[in-house]
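My questions all concern the structure below.
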Amino acid sequence: MAMVCLSDFEAYAKKYLPKIAWDFFAAGADDCSTRDENILAYKRIRFRPRMLRDVSIMDIRTKLLGTEISFPVGIAPTGFHQLAWPEGEKSTARAAKAMNTCYIISTYSTCTLEEISAAAPGGLQWFQLYIHRNRAVSQKLVQRAEALGFQGLVLTADLPYTGKRRDDVRNGFRLPPHMKLKNLEEAFEVCKMSLLDPSVTWNDIYWLRSLTHLPIIIKGILTKEDAELAVRHGVQGIIVSNHGGRQLDGGPATIDALVEVVEAVQGRVEVYLDGGIRKGSDILKALALGAKCVFIGRPALWGLAYKGEEGLQDVLRILQDEFRLSMALAGCASVSEIGRHLVQFSKL
Amino acid sequence: MAMVCLSDFEAYAKKYLPKIAWDFFAAGADDCSTRDENILAYKRIRFRPRMLRDVSIMDIRTKLLGTEISFPVGIAPTGFHQLAWPEGEKSTARAAKAMNTCYIISTYSTCTLEEISAAAPGGLQWFQLYIHRNRAVSQKLVQRAEALGFQGLVLTADLPYTGKRRDDVRNGFRLPPHMKLKNLEEAFEVCKMSLLDPSVTWNDIYWLRSLTHLPIIIKGILTKEDAELAVRHGVQGIIVSNHGGRQLDGGPATIDALVEVVEAVQGRVEVYLDGGIRKGSDILKALALGAKCVFIGRPALWGLAYKGEEGLQDVLRILQDEFRLSMALAGCASVSEIGRHLVQFSKL
Amino acid sequence: MAMVCLSDFEAYAKKYLPKIAWDFFAAGADDCSTRDENILAYKRIRFRPRMLRDVSIMDIRTKLLGTEISFPVGIAPTGFHQLAWPEGEKSTARAAKAMNTCYIISTYSTCTLEEISAAAPGGLQWFQLYIHRNRAVSQKLVQRAEALGFQGLVLTADLPYTGKRRDDVRNGFRLPPHMKLKNLEEAFEVCKMSLLDPSVTWNDIYWLRSLTHLPIIIKGILTKEDAELAVRHGVQGIIVSNHGGRQLDGGPATIDALVEVVEAVQGRVEVYLDGGIRKGSDILKALALGAKCVFIGRPALWGLAYKGEEGLQDVLRILQDEFRLSMALAGCASVSEIGRHLVQFSKL
Amino acid sequence: MAMVCLSDFEAYAKKYLPKIAWDFFAAGADDCSTRDENILAYKRIRFRPRMLRDVSIMDIRTKLLGTEISFPVGIAPTGFHQLAWPEGEKSTARAAKAMNTCYIISTYSTCTLEEISAAAPGGLQWFQLYIHRNRAVSQKLVQRAEALGFQGLVLTADLPYTGKRRDDVRNGFRLPPHMKLKNLEEAFEVCKMSLLDPSVTWNDIYWLRSLTHLPIIIKGILTKEDAELAVRHGVQGIIVSNHGGRQLDGGPATIDALVEVVEAVQGRVEVYLDGGIRKGSDILKALALGAKCVFIGRPALWGLAYKGEEGLQDVLRILQDEFRLSMALAGCASVSEIGRHLVQFSKL
C-alpha cells in the first residue's frame, strides 16, 4: 500500500489500531459536528492563485517565537501516544526533531517529560499544561518542563471538564493497565481528569507567569473577545483550537474562528491553529488567513500508528512537500509572500 | 446496550414499539420537512464559546413563571402515553416530579387528570387545552385542572384541524380498544378530533381568562405578528412550536422562528420553545436565542418506551448532564449568563 | 395500496406504465436539473403561518378570467394521454369537469377536440396552441376550438424547437401505431414537431388576436422582460412555465421565476404557474407569491395511469383537501386572504 | 449503446481505456475538489431565457482572433493522445479540421508537430508551450510551430511544477515504452517535467514576443490581477483555466473565475475558458459571462477513445447541436445576441 496522502495513514490506523484506541483518537463530542466542520470548512475557502512568479527557489521555513522551524507545521498536544506506538511520545519527539519542527508535549503523555526530552535533545519542545485543583502539581510540572529545556508553555483553556465523546462512554475507554500517565503518577495513585480545576480564570495567567520565564501560549481561543483578553493578560501566543472537536460540539471550525482572532490580535502576538489540517493546501489557507503556524493532532497519531517515528516523519514530509507545491502553484516563493489576498470565502 | 444519548432511546423505541405506535409518534405532516428542519436548523447555529471563566460551581436552575425547576427542560404535551408505556401519563408525571421539572399534560391523555395529578402530588403541572365546539367541555376541563392544582393553562393554537400525517392514514391509526381519551369520555361516546373548534380566535383568550385564574400560555406561535397579538391579549407565556412538524409542513424550524418572536416580545412575557431538542447543546442554543425554557416531545416518549418513569428520568438526566457540560464549555456558570452573544448563525 | 398523496400515484405509474411511456412523461431536458429544481425550489420557501383565525368556513374557490373554478388547480397541457389511459383526453376532460376546474387541451392530444369537447359538455376548457409553419393549420385549429366552446387560447412560447430529452432519444420514442395526433392528421400524413415555426415572434400575438375572440394566455414566460412584453402585446394571462423542465435545462424553477413575473405584471393580467406542484402546500406557496392558479402536468398523467377519469379525480381531490388544510393551518379562510406575507425564502 | 450526450463517451472511455490511462486523464490534484467544482459551478448558474424571438435561422459561428470557426468550442491542449487512440494527435487534428474549429496542440503530444500539421493541412492550430529550463528548446519549438503555420502560441502559466495527482502516484504513471514525447526527444534522452522552468515570470512574455510573430495567448489565469498583468504585457488572449483541476486543488471553478477576469479585461483582449464543459448549455453560460470561446479537454479524449477522429467529431457535433438548441431556447439566434443578461447566479 502506497502512502501518498494523509488519508492513507488514516485508513491504515483505522485498520490496524485496536478499536478502542482508534475510537479514542477519532472521537468528537456529541454528534461530532465540530470535528467534521474543522475539515469541511477548508473546502469553502478558495485560492486566488497568482501566476508567473519566480518560484524556482522555495523557502518554506518560518519562526515560532523567534525559533526557526523547517515549515509551519508542528505537532499538537495529544495524549496517550503509547496507544498508537510502543515507544509513545519518545518516537514523536524524535520525528519532530528529525523534521526540525516543534512538538507540544501533552500533560497526558505516557512517557515522562524527562524521557521525551532525552529522546530528542535539542529539539524544539513546548509543554502543554492543564491546571490541576492541586496547584502544586501544576507548578511542579511547569518547573520540570522549564528545567528540561522546554521552550514554551501551552495552557489549554477549553477543558474545564471533559467533553462527552459517545464512543468513549460506550467503550468504557481507559488506559490499558501497562500504560500510565507518567507525568502525574507521582502525584496521584489514580489519575482522574476530574482533578482538573474548572475554576481557572484569566487571573491564573498571572500565576503561571510568576512560575516561569517560558513564553505562555494559550490554546483553545475561538472568539475575538477572548483573543483580546489573552493579549491583555500578556500571553506570547494563541492557538485557535476547538480541541479537535472533542469539547463543545457546535463550536466553529478553527479555520473560521481564525479570521476573527487574527483581526482582533492585530499582530500583537503570534496566532496558531490546530484542527482539520489534512493536506498542504490547508496549511496554505491557514497561513493566508493569518496563522503563523499550524499544528497537527490526529494525523501525527496516524503516522505513529503506521511506523512510529518513521511513520510520523512520512506524514510530516508529505505535508511539507504538499505545502511547498501549493505555495509554488499559488505563486508564493516564501512564507512571507502568503497573505489574505490569496484566498476568498466561497458563498457555498 | 448503553443508553448514552437520546438517539439511543430513539433507536430503542423504533425497535420495540409496535409499528403503528412508532409511526404515530414519529409522524410529521406531508413530506416531514418541517419536522426534520426542527433538528437540522440547530446545526446551522454555531457557538462562540468563552474560555477561562470560573465554571466550578454550575447553576442550571431556572424559573417558569416564578416557579423554580431543576433545569430549563420540561415535558411538552403529547397524547396517548399508554401507547408507549402501560402506566402512561402517570409515569410521565412521576418522572417529571422526580426530576423537578414541569410537565404539560395533554388533553389527549390516556389517564384522567385526577390520576395524573395524584401520581405526582406537588409536581409542577400545566394543562394543555384544545377548545372544543362544545365550550362547556373545555370549560369543565379547565376548571378540573385548576381545582387539581395545575399551575398553568396551555392553549394550543395550531390545530384548527389535524395535519395530514401520511403514515397514520396508511396505518389507519386509531387507539387500541383498551385505551381511552380518559378526560373526554364523559363528554363523548366516541372522541373525534373534529370536535375541535376551528372558529377559535384571539377573542377566545378573553373567554378563557374569564374561566380561570391560571396563567395562560399560548402554544404554536411562529411569527412576530402573532407574538405581538399574544402579548396584547394578555397571555403569560408563548411556546414557539410547530407541533413537532405535525401540522403545517413547510413552516419554519422553531429555533429559527424563536428569533423573531423573542425580538417582538421584548421580554414582556416568557417565551419557550419545543421541537428538535436532541442534546444539551440544543438547549443552550435555544436559551442563547432567548427561550426561557424548552420542552421535549418525542424524546420523552422514547424514554417512556424504554422503561417508563425510569426511562424518562434517564432521558432528562442525560439532557441535564449534557446541558450543564455545554454551559460550562461555553463559559457560562449559571443560566443568567447565557445570552445572544453566545451564538451566531452559520451562512451554510 | 393506499393512495394517500401524489407520490403514491407517481410510484404506481412508474410501476405499471410501459417504460417508454413513463420515460416520455418523466423526461426533462439534458441533466434534468430544471425539472428537478421545479420541485426542490418549494422546499426553500417557508410559511409564516398565522394562528387563531376563524377557519371554520373554508372557501377555496377562485376565478380564471372571470369563470369560477372549485379551487386554484387546473390541468396543464400535456400530450398523448392515450399513452396513460385508453380513453385518453376524454377521460381527462371528464375528470376536470367533475371537479369543476379548467383543462387545457394540448395540440398534441390523441383525441380530437370534438371528442374531448363532447366528453365533457359545459366543462371549462382552454386550447393550447403551437404555431405551425403552415399558419393555415394553426388558424383552423383556433377556429375549431372557438367554435367548440373552448374559453381560452394558450400559446406555448418556449418550444421553437423540441428540447433534448436523452431518454426519448435512447428509446427512439414515438407514438405506437394505433395512436394518432388526431387534431393534426387531416393536415399531415406524418406529424413532425419540426413543422412548428421557430420564427414566431411577439407580432404573431397580433395575428392570433385577429383570428379569435378568445382570451389569449401565453405559456412559457420566465423573465420580467418577457412578462412586460406579454402585457404590452395584449395577452389576458401568463403561465409561468419551463415546460416541466423539458426545454431549456438550466432555466429557473417556475416558483422562483414567478416572483419577478408577478412583480413586473403588477396585476395587469392574471399570472398562473405550472411545474413542480406535488402537494397542497405547494399550491398555497404559489398563490402567496402571486399566482392566480396553478396547473398540474405529470400528476394528472399519473392519475390517468392509475384509473383514468377516476384516478385523475382522486389526484385532484387529494390536492383539494391538502390545499384547504394548508390554508386553514396557515390561517387563511378564503383564497383572498392569501398573500405575500405568508411566505419567506429560506437562505438555504 | 447510443451515444447521446458526453457522459456516454465518458462511460465508454472509463470502461475501455486501460485503468492507468483513464486515471491519468481523469486525475485532479489532491482531493479533486477544483476538478469537480469546474462542473458543479455550472449548476449554480441559471438562465433567464427569452421567448418569441425569431430563431429560425441560427448562426453559431464565431471568430478566434479574427479566424472564423464553426462554433465557439475548440480543443484544449492535453497530452499523450496515443494513450486514447493509436493515431493520437493526428486524429485529433483531423477531427478539429473536419469540424472547422481550433485545436491547441500540447507540448506533450505523442506525435511531432510536423505529423500533426500534415494530418490536417489548413486546419486552425495553436501551439501550447511550456517554457523549459533550457530556453533554446522552447525557442526551437516556437519557431517550428510558426514555420508549420500554427496560428497562435499558448503559454501555460500554471505549471511551474506538476500538481499532485494521487492516482498517478499510486499507479506509478509513465508513458508506455512505445510512446514518446515526440517534440522533445531530440532535446532529451528522457523527458522529465522537472525540466520545466519554475522561474518564469511576466518578463518572459517579452522574450516570447521577441521570438515569434504569432499571437500569444496565456493559459491559466484565474484572478483579475493577473488578467490585468496579462493585458499589460501585451498578450492577445487569455484562457481562464485551472488545468482541469490538475494543479492547485482549492482554486476556483473556471466559470466563477471568468467573471472577474472578463470584468478586469474590459474587452481589451479575447477571453476564453476551459474546464467543466459537458453540454451545450455550459457553452452558452460561458459565453453569456463573457468568454469568446471555450475549449474542451477530457471530453475530446473520451471521443478519441471511442472512435478516434470519428469519435471526437461525434463529441463536437453533439456539443454543436446542443449549443445551437440551447441558444434557440434561450432566444438567441446568433452568438452576438448572447450576453450577461442571459444568466443569473443562483444563491444556492
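For the reader, a short list of remarks on this structure follows.
Letters A, B, C and D mark the chains as written, and numbering starts fresh at 1 in each.
By our rule, a contact is a pair of C-beta atoms (placed from the backbone, for glycine too) under 8 Å apart; a residue touches a chain by one contact, two chains touch by 3 or more.
Quick caveat: nothing in here was measured; it's all calculated off a predicted structure.
Separation of subunit B from subunit D in touch steps, taking the shortest path, is 2. At the subunit A-subunit B interface, residue numbers used by both copies make up under half of all numbers present, so the two copies contact each other through mostly different positions. When each chain is reduced to the average of its Cα atoms, A sits farthest from subunit C.
Matching the C-alpha atoms of subunit A with those of subunit D calls for a turn of 90 degrees, to the nearest 5.
Inter-chain centre distance (subunit C to subunit D, centres taken as mean C-alpha positions): 42 Å. Each chain gets a centre from the mean of its Cα atoms; for subunit A and subunit C, those two points are 60 Å apart.
Shown for subunit B are the residues that touch two or more other chains, namely 347.
Across the complex, subunit B meets subunit A through its residues 2, 4-5, 42-43, 45-56, 279-281, 285, 321-322, 325-326, 328-330, 344, 347.
Subunit C makes touch with subunit D in their complex at residues 30-31, 33, 157-158, 160-161, 163-164, 166, 169-170, 197-202, 204-205, 218, 220-223, 225-226, 229, 247-252, 347.
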